[in-house]
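These notes open a run of structures that come right after.
You will see two complexes here that share chain A, one where it goes with chain B and one where it goes with chain C.
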Partner chain A sequence: MVSLETLAVLVLSGLTNGSVYALVGLSLAMTYGASRVINFAQGEFVMLGALSTVLFVTTFSLPMSLSIPLVLFVCAIGGFLIERFAYRPLIKRNADPLTVMIGTLACASIMTGGALLVWGPNQLFVPNAFSLNSISLAGITSTPQQLAIISCFAISMLVIWLLLYRTHFGLAIRAVGVDPNISKLMGIRAERVIAFAFVFSAVVGGLAGILVGPFLGGHVAMGLVLTIKGFMAVILGGMGSPFAAAAGGIVIGLLEAVVAYYGSSFYAEPIIFGLILLTMMVRPAGLLGEWEATHK
Partner chain B sequence: MKLIRQLLISGATTAFLVGSTLSFAADQIVLGYIDDLSALVAEAGNDSLNGVKVAVAEANAAGGVNGKQIKLVVYDGKVDPRLTTSLVTRAIEDDKAIAVFGGNVSGAVPGTIVIANEAKVPFFSMSAAADNFTNPSTPYFFRFGPSNSQDAAAVATLIANSGFKRVGIINNSLPFGLDGASAITAALKARSIEVVINEVYEVNATDVSPQVLKVRQAKPDVIVAWPYPADGGRVLRTMSQLNVATPTIIARVALFEAFRQLAGNAAEGVLVPNTVDTQRADVKAMLDKFAASHGVRPPTMYIAMGYDGAKAAIKAMADRKVMAALDANNLPAARIALRDAMETVGTFDSLQGTPGNKLKFSAGSHQGLQGDSLFVWSEVRGGKLVKADLKAFAAKK
Partner chain C sequence: MSQHFMRNWLPAILILVLGLALPVLIHSGFQLRLAMLICIYAIFGMGFNILFGLGGQLSLGQQAFFALGAYAFALVQIHFAAPLPIAMLAGITVSVVVSLVVAIPVLRLRTHYLAMATLMFAMIVHDVAVRWTGFTGGSSGLQVPPPVLFGMRLERIEIYYFIFAIAVVAFLVQIFIKSTHIGRALQAVKADETAASSLGVNVVRYKVSAFMLASVFSAVAGILFAIVSRNVDPSYSNIGMVVNLLTLSVIGGLASRVGPFFGAAIIVLAPQFLTGLQEYETLIYGVLLLLFITFLPRGIAGLFERNSMPTLALAQPNTGSTDAAKADST
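Here is the complex of A and B:
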């Protein structure tokens, strides 16, 4: 019989890790949904978010309330630049999707190199937006920062749902994701939609960086692993839908927590990849991919 | 005639340029330094590099080695084994280094050992601690930092002397963490001390609560954590969050500033093994010199390893056989002679360990630090490293 405390720890741990993977995964899915391109620089926006927090709060001594919008603005600019100077020129030259993805990988390397010049090679402490002191709620121990990660993920999901399903612009995003050429014929400015997807995904990545930075430490090389985890979430949950990708991220986080407690962390990744492989054989579109496609 | 003169001039120029790239400058000695200077272990890599630079600057200021100035060629291998090994090869083949320094990244060392031994070029390794790097020894690989079993022996001795009987170990899934945990388990077993739990976590996991909860539930008397800086901070914060107040020993990563910042108050009272005793006058003098050229840094073993390694190399390079080979422009012979000199000279001064501690190398052993007087225990207090109060540590049980 599992104690309440153990259950709470596992669920919280799974949701915390899963929320981070989900945020990266849904960002990847948003970009893919609009542009049919995997943005391999997505994890670097998490890095940019974390290190920009160091810049504004630690270096410039700005209050967190001002720093957060500035960090998100920096990430938005980064997303805009990738779309405008990497994605769009390649698409105009009729590059195939693989070439465009390699272009985003190149952007990731450039961002890492640029970050190295600005912040140097050492691991940096990222100031926390919320307290890291433990709090106890009905016998469950957590920290405000940890709860903020889970909350921000939930709020992001709500915002994205409202955007995609309750606004005309969201309808345009979904239309471009289905067929950009037909969308253009219908009068939708596909280029603007795609640009928005890149910028929005960058902002979500930056938000993840602000939240997870105090736990992981800020470092120029922190983005790659998160890109991989986000990619795993997308594959497991389903391509083309941010909700499916987010669900994939949560599943991965919870699975990691359960395997770590009842077995060993060593087995977590093989099990997760095994699950991904099995899912692709049984449901090639991902766990929720077809459901999402049917209900779009 | 004019054409013939032009051809002769261009031919001579080409021959000079080709000749100068193929041979090495006889008036200088090249040392290579390849290590992580920008990734996860950059703090150690840069500290060791700067320790080497201090020693090289001292030697050059004193006229070099028998009149030959030392040139240091530096490359950033990050934590990428393939990149590191290709850069080591570059330092050997292109830069004509007589010896190469590096080895703060355990994952990059096995490939480096192969290259050093095949090319017959001495490699002076810093803190990569896996026991099998020098046990058994290989001809051209020399280590200047402690091995995992030495760390483990010091930890086990402290635990035994403090009277603890039940130990919990938590480590990351990288070679450093796994090998460290394995060595500590073996050392504790040798002292009949029980390891009640050993938990492993993935180094990039945002949350390690499941693993820390398991450790808490096993009710150890003392916890030994073997992480890298960021995940170490996470482990200690999670221990604090889950009300784990057990006395804790942590791996040498706590010497990094990044760790102490990331762990915050959760690191208070944690004990860390260090090979640098700041009470030693020679250590203080070196750190002052270091601070003057590279800024004030925490007094860690990484600085001392770099300095020790470079000083040993410089002393061995002064051997007459090494000098004769260099004067004869025979770099391969100079490298072999340097290796031989490291073994025949054998004993070198060291800033590590207690006063009077020496580095000892021989044909059968390329592990420089030996014996029981290697470690001093530091404690984290107010975010800084201070000499540990071992009596208070034992009393907490």
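Here is the complex of A and C:
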């Protein structure tokens, strides 16, 4: 029988990891929603966020409050460059969607290669924005940094919901996602919407990097795994909206926590892959997916 | 007529002549090994060509069949001392049977969902290969005995011709599939499944056949890779292998006939030139790849091949020029 406390610990650790996957997943879904491209460089922004924190806080000794905006700015520039120099030229040349995907993979390689020159191949300690001292909440031990990840995820969800459903620009984003050509006829500058989606996703990725860096450690090669986890979140939740992707991320995080607790952590990975595969057989368009994939 | 010949067959004939003459032109064993790897990756790419280029089914799990073929090939030789042809047949059989079992549920999914499901499957295969140490040798893998055919141990040049001959056969099979009713049916499935089924194409059957055919190509490539590297380990099924496959398919030219040879040549040879750059290697590789596909979005074969297999709308391209894309591909 599971004690309530064990359950709470599992949920908390699941939510922490799940929030990171959810943040990567929802940023992937934001880009996909506007541009119909899975950006395989998305996880690299988590890497860039974590390692830029090292650069500004440890190397330049800047205060954390100043470093966070700078890190997010660096990531925003990265997102802008990918849209301008990889996505847009390929789309203009009518490249096959798979070719565009390889283009984003090339960007991932450029970012990893660039980061290797700046930060070297070693794992670096990422300074924490919030305290890592454990605090006790109703008998459950946690750290402010851990709680910050979860709350940051919750706030991002709220911001994205407000943006998408309560602003004119959000309406434009959704319109471009439905049909870029018709949205252009409606006077929407589709290129700008797509560029915004790339920049916004990069910032969300960077934010995830700042928060999860102290737990994972900063390493130049950490991006690809996170991209795949984020992609898993998108697919498990469904490609319809960033919220479905976020739900997928949380489910994966909770699954990982539960499987690692009950089974051996050695077999956790293949078991989770198997469970996701089985879920996809039952829900071919994701848990919350619109039937977009099957009815395209 | 002659122009059609020039565009579509001349590159293939040039590759054939070059491939036959290669052992005379190059001398070092290392260079010959690179040539073998090019042939192997080309075979791997041709399988993907049938599945994705013809049938429009995006799989990110082909490396699983590459690994399954190679592991079965190695295990049958180790445990039963099976001769080379039998071991190859065993590798192919295992791969095809697994592909059938996987294809039936998985091919109900489409586009990115299919891509993710096949990737999950391949990652499970990879995890099993790493963890089932007693059977697969874990991360250090299995030793593959030297290739012996009809009682003779094959020398390096003989292995090269053996692999090259299989690559030529694979190429002919690819062309044959494309030009028969199977190819037409697959193209119909790719364009519109509902329309294809209303014209009497058994959509499920053709999708599953394409998946099984691709797994044969992948298994053959994996087996030959095992012969060349004399070792089978979990790296056969890791994510880098499918990245290689996608990259070679894109830079060779998606859905083109000879594209896989060109793409394979580039992904095998480029790292050889780039290793001298040391810590700049990853960065320069990314920049070159991006420039390459930006300026040659239809790949190398796109420069000369005209009636290559039409490109696919995996997701609708998000530009104002979708009509132009349709006009191009017809």
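Just so we're on the same page, the second predicted complex is superposed on the first by the 287 of 296 C-alpha atoms of A that agree within 3 Å, B and C clash if a C-alpha of one lies under 4 Å from a C-alpha of the other, contacts with A are read in each partner's own complex, and residues count from 1 in each chain.
To be clear about the criterion, contacts are C-beta pairs under 8 Å (C-beta built on N, C-alpha and C of every residue); 3 or more make two chains touch, one makes a residue touch a chain.
Note that the structure is predicted; figures quoted are calculated from it, not measured.
Peer 1: What is the contact status of A:144 with respect to chain B (first) and chain C (second): first, second, both, or neither?
Peer 2: A:144: touches no partner chain.
Peer 1: Look at A:10 in the shared chain and tell me whether it touches chain B only, chain C only, both, or neither; answer first, second, both or neither.
Peer 2: first
Peer 1: Please tell me which partner, chain B or chain C, touches more residues of chain A.
Peer 2: Between chain B and chain C, C touches the greater number of residues in chain A.
Peer 1: Looking at A:20, would you say it contacts chain B, chain C, both, or neither? Reply first, second, both or neither.
Peer 2: After superposing on A, A:20 lies in contact with chain B but is clear of chain C.
Peer 1: Does the superposition put A:273 against chain B (first), chain C (second), both, or neither?
Peer 2: After superposing on A, A:273 lies in contact with chain C but is clear of chain B.
Peer 1: According to the stated criteria, A:127 is in contact with first (chain B), second (chain C), both, or neither; which is it?
Peer 2: In the superposition, A:127 contacts neither chain B nor chain C.
Peer 1: Report for A:36: first if it touches chain B alone, second if chain C alone, otherwise both or neither.
Peer 2: In the superposition, A:36 contacts chain C only.
Peer 1: Report for A:256: first if it touches chain B alone, second if chain C alone, otherwise both or neither.
Peer 2: A:256 contacts chain B only, not chain C.
Peer 1: Just chain B (first), just chain C (second), both, or neither: which does A:170 touch?
Peer 2: Touch status of A:170: no partner.
Peer 1: What residues on chain A does chain C touch that chain B touches too?
Peer 2: Residues common to the chain A contacts of chain C and of chain B are 116, 266, 269, listed in rising order.
Peer 1: Chain A touches which residues of chain B in the complex?
Peer 2: 36-40, 42-43, 45-46, 78-79, 173, 199-202, 204-211, 213-214, 229-230, 233-234, 237, 240-243, 256-258, 261-262, 264
Peer 1: Which residues of chain C touch chain A in the complex?
Peer 2: 52, 58, 105-106, 108-113, 116-117, 119-121, 123-124, 127-128, 131, 239, 243, 246-247, 249-250, 254, 279-287, 289-290, 293-294, 297, 311-322, 324-325, 328
Peer 1: With touch defined as at the start, can you tell me which chain A residues reach chain C in the complex?
Peer 2: Touch list, chain A to chain C: 34-38, 85-86, 89-99, 101-103, 105-114, 116-117, 176, 180-181, 184, 190, 194, 224, 228, 231-232, 234-235, 239, 266-267, 269-270, 273-274, 276-277, 280-281, 284-286, 293-294, 296.
Peer 1: Residues of chain A touching chain B in their complex?
Peer 2: Residues 5-6, 9-10, 12-13, 16-17, 20, 116, 120-125, 132, 134, 141-143, 146, 149, 212, 214-217, 219-222, 225-226, 229, 256-258, 260-261, 264-266, 268-269 of chain A touch chain B in their complex.
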